[in-house]
Amino acid sequence: MHNNLDINVHHITRVEGHGNIVVNVKEGKIEKLQWQVPEAPRFFEAMVRGHSYQDIQTIVSRICGICSITHSLAATKAVEAALGIKVSEQADKLRILMHYSEQLQSHTLHVGYLAAPDFFGTPSVVPLVARAADAVKTIVKAHRIANNWSDLIAGRTTHPVTLIPGGLTRTPTEKQLRQLQQTLKDAVPDLKKIAEVVLSVAANIPKFERPTEYVSLKQTTPPTYTFYHGGVTSNDNKGAVLPIEKWHDVANEYMVEQSTAKWAKWHRDAYAVGALARFNNNAELLSPMAKDAAKMFGLQKDCCNPYMNTVAQLVECFHIVETSIDLIDQLLVRGLKTEKVTSSPKAGKGAGCVEAPRGILFHEYEFDKNGKCVAADICIPTNQNHANIQKDFEKLLPEILDQSEKDIRLKLEMLVRAYDPCISCSTHFLDVQFVR
Amino acid sequence: MCERCAVEKDIYLPRLATLEKKRLMNPTEMYLRLSIDDNEPFDFIPGQFVEVSIAGVGEAPITISSSPTQKGYFELVIRRTGNVTNAVHRMRIGDKIGIRGPLGKGTYPVEEAKGKNVVFICGGIGLVPQRSFINYVLDNRADYKELAVLLGTKCLSQRFFHSELDVWSHRNDIRFMETIDQTDDCWLGNVGVVTTLIPKIEKELESALVFICGPPVMYKFVLMALQEAEVPKERIFLNLERKMKCGVGKCGHCQINNYYACIDGPVFRYSDLRIAPEAI
Amino acid sequence: MRTVTIDKNAFRRFVDEIIKRQRVIGVCAKGDRFDFEQLESADQLRLDYDVTLQPPKKYFLPPVETLLTFEVGDGYKSVYDDTPFVLLGVHPYDMVALNQLDTLFTQDNYDTHYMKRRHNATIVACDVVSPSKNVFASSMGTATVKDGFDVLLTDIGNAFVMESGSKKGDRFIAKAQGAVDSSEKDLQARQKIQAENEKRLNNHKLKCEASYLPKLLERAYDHPVWEEKAKTCFSCGSCNLVCPTCYCFNVQDDVNWDFISGKRQRAWDGCLLDGFTKVAGEHEFRKKRADRFRHRLYRKCKYVPEKISSQIMSCVGCGRCVGACLPDIANPVKVYNRLVDDLGIK
Amino acid sequence: MDRPRVAIFDFACCEGCQLQIVNLEEELLDLIDNVEVVEWREAMSEQSREYDIAIIEGSITRPEDEKRLEIIRTRAKTLIALGACATIGGINKLKNNFEMSDVKKCVYGKSADMPHLETMPTKAVDEVVKVDYKIHGCPIDRKEFTYVIRCLLMGKKPEIPEWPVCVECKSKGNPCLWDYGQVCLGPIIRAGCGARCPSSGFRCFGCRGYIDDPNVNGAKDVIERYGLSVDALKAKMVLFGIGQGPTNA
């Protein structure tokens, strides 16, 4: 047991954006334990004001480079809700396909490049190249497939340019989709290989549990393991699903004394979002291969070990690939049509919600009659997780206080990284103090 | 495949040359002596240039500065101005340098000038390309009548070819005159721009062929002075520098109205440039 | 050399046959426009097109092309693209443009990179069915073409007349199942179409004979039209890039990560672009937009025709630059007509 | 060749440009073979104070960032601005359309006056320190990034296009989006992206910044011809271009 401990992880590495961990233990008593976010605020909700409904997704895509497609989709959905714009079935399916590409991009990036070094005990993926060259190559390959996939449907890997209110600027050709489908089919063995490698080091995933409220999207018609459609649910909500317009009832933002960022709560004093939340709320709807993968790791519904979020992401990779292969079939059967998209400005207010790789994301906009934005509200998944990270810290630290400082530090960092935080997209912050 | 394609050489393909000697002549100008590696001929006429090719960096057109009377090697003088020229300056003795050429069909009128007075007016680095013909005339001195060389240099630190210039100024079969734009304490010679020297060579200018090479601004003033001295345009030759990407008349960058500096030049007869207002 | 008639269904089967054996590039629909693309089936072919987005020159002078590779210290190696291909559906004005490029790339110095591609191609030209909005080939004398092609197709309703223009064309035609020697009637039908095209591809009418343009330009160097038009010129180079006879290029090196091997590439360039003539020391020989604007129109109808001693101008009247220029100043006819108005024909 | 030490730093941005470096996939290994990455927070735990090349991502929006950037400048021999946020201020500059107090109130309401929310009008990196090279784009183009790095390692000045996006757009054979009613900034924006957006059917919104000498007369003329208002064009130009010359013309 440490009597005195001073851990100050300034700008935690291998996460997107800046976050600090401050631990202060004096004579066996935890004096200070904080998860802080000192990221420079960027004021997106203020910046979009005055801009045309057609430019919103171009602007807010820049909230986050890793989930730019997700932000664009949420914003576009919100704009369409506000202006009453309809989207064709083909465009809807293509958007879901686009969204999947980013989920795979982000998940392989997180599992392979950011979290894996922890499991292998290396400071970054670079030394891993020497240790597990084959595994790294496979990860790189999967990541590249996901990137090319985004390029094809979204026009770019990062910051999509094919999304416009009402549909898409461009339809891929049948040939391109068929090629993509083949690539995805060929990628399955690679995914299995990655899963095996992760399984081989799964013993390094800390055993830690804390009963948690998990919030995610849920789609009942038809029942789908959803990232894109549906309403909001949680394991505390007894299966009820809230329409997304009611998202303010879910993400109740609040402040507490020791807090560094705005926290969110629904039924309890914190909740978690992300792959594990989606899994806990929808696991029975996963694709067969994804179910097998979950079984491999013994991941079951109601898992409340936050470190298992990384595993849930891996499971989702299987689901994404398998479902996309099917989705492409559906598109090809219908035959692809070039669609002309038009839209016109009108006053209105609307919300859009999708699952970012790291959890549920809400966008809401209001427009005047010229289609100029007058107000915006964005609530990103990482902000919804901040409070939960803090709560996890508070339960975890006393349990591991007898370990070496190095191990404590690593476990805390790993915990933060397991949430795959994307702090750069955080749009709201409160009271950050720097402990130096 | 077409027969011609089978025999024609790739005009973009450099051959290799070895750097035999190099010497920094002033802060920016490097003297280089090169010899071609292969046994194919490398015959040139004064005024022709080569494309110097540095793998990975690019190419730069550089006029051959030595006279064709010197066999077995050729000399270049290269001013450091950008990527290629900087890379050349970093080359070491023995290194391989890519060479395309000799290029340019507009050369010095070696034959036409025979039996006539020849006058060279050079501004700064403009001496470098003219030097090839100057030395050619010196090596075939009996073929030509009066020889005058005027050289204007911006400041003393940029002066180069000191010993060669020294020899010229002491030979009596060449009238060599020099001036420096800006006054300098230890300079005892002429001060002022090169045009101030032109009235001093009235005799040599008579029935002479006049050759001009220097920075873009110089041409206008020298031509005005020559007009004053009543030298007809048919007897004036300009060595013009333009941006070049291929050196073989395709890329279009060096075009001066209807002319391509690389194949129609780089040496032009002034009277031919009447319809080329972009030349000066 | 033979002239045959082949009915359209037989022609389609013929094209499908060739596709099985060779790379075939033909005109396809691209949204509501047309462009050359590699064919997968004859059904994609649209010989009734108006004008392609890009001129066919890209198959001989690609937008980016590797000229050579190198190993530092070990010399350079030429890189050639040696795959034979069929280019299907080249309009007469574009064929004339290619004929000019052939001269330009062989004159003075022989460009093996361009010419090897050229010799690997079988060019099937075709007479225009639907004139484009901006075409003025009739004014430029390029509405029909007499040589350069391997095969010339003319749509005479339910069949094509195919004329061979070379030995390669003879071999091509010989493989066409169902082609019969053209009847007098078919030839007359073709003659009529060509005669009509010589007049009707003229949506901008030049007020003088095209062959007079070099003379006209001789007197127009300091005319105010250059400044006037160029005031709104973006120097975007669009007019250069879409032109079938523009062939200027830039050359650039890049190395691989070993810093030993690498390649030298050439890429399309444009004389309208800022920096086209910039040399070390920031000196730029055509710094003013008006100078660059004028240069293109002089190149088209004075410099290049004079350089290759051609009676046909180097603007072949495809009209692509007219549509490509946002401020709508690039139309050569408008400029030349203005000069005719102001300077008269002498 | 000595491997120069490279450090990558991020300021206010979405980190999408760093992501493009990760997205180099196998080529990332080539990069790492040739440079020694001594600090790169997004991808590794190591940190360092000694480096030859500093790569700066993001724009400068707080006084404390200005100080941090100045320190980085004194340590680095070469400083590269990576991506639109760093080269031209990027999307973050939209904030400069408003009063800072208004911006803070809009997002944080009652808490707007808390000290850590201090913010200043967004600056591009070269508005604070000297920048040696700019890698444009939002996000950057991976090919261009590796090209510039290779040039630096060879001691060669990279050739970054001075010409506008239309050149690449036309080279690709795209029909012009203006013909389809889109306000595309292609003719005044620096090329180098391969005309990615117009090739996907989406107007160029100017993430690579203006070319050196954009023709404002031309822009005005075109607006009139297409029956648009100057405001419509300005609104588009302002997305990535605020603070640059022609925006205020």
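Think of it as A, B, C and D in the order they're written, each chain with its own count starting at 1.
By definition in this document, contacts are C-beta pairs under 8 Å (C-beta built on N, C-alpha and C of every residue); 3 or more make two chains touch, one makes a residue touch a chain.
None of these values were measured; they are calculated from a predicted model.
Averaging Cα coordinates per chain and for the whole protein, the chain whose average falls nearest the overall one is D.
By number of C-beta pairs in contact, C-D leads when B-D and C-D are compared.
Our note on geometry: subunit A versus subunit C, Cα centroid distance of 51 Å, whole angstroms. Work out the mean CA point of subunit B and of subunit D, and you get 44 Å between them.
For this pair, subunit C with subunit D, the centres built from the Cα atoms lie 37 Å apart.
Note: centroid distance subunit A to subunit B, computed from Cα atoms, is 66 Å. For subunit B, residues touching at least two other chains, in rising order: 56-57, 82.
Contacts with at least two other chains are made by residues 154 of subunit D.
Counting partner chains per residue, subunit C has residues 31, 252, 254-255, 259 touching two or more of them.
Taken pair by pair, the chains that touch are A-D, B-C, B-D, C-D.
Residue ranges on subunit D touching subunit C, taken from their complex, read 1, 27, 30-31, 33-34, 147, 150, 153-154, 159, 162-164, 166-167, 170-176, 178-179, 186-188, 211-215, 217-219, 221-222, 225. The residues of subunit C lying in touch with subunit B in their complex are 67-68, 70-78, 104-113, 115-116, 119, 218, 221, 247-255, 259, 262, 264, 266, 269, 271, 276-281, 283, 285-286, 291, 295, 298-299, 302-303, 306-307.
For subunit B in complex with subunit C, the touching residues are 1-2, 4-5, 8-14, 16, 53, 55-59, 81-82, 85, 95-96, 98, 216, 241-243, 245-246, 248-253, 255-258, 263, 275, 277-278. Only residues 11, 13-18, 38, 40-52, 55, 58-59, 62-66, 68, 109, 113-114, 117, 123-126, 129, 137, 140-141, 143-144, 147, 155-159, 161-162, 164, 169-170, 255, 424-425, 427-433 of subunit A touch subunit D when the two sit together in their complex.
Subunit D meets subunit A in the complex at residues 10-20, 22-23, 25-26, 29, 32, 37, 40-47, 58, 61-62, 65, 90-92, 94-95, 97-98, 102-104, 106-108, 111, 114, 116-117, 119, 138-139, 196-197, 199-202, 205, 235-236, 239.
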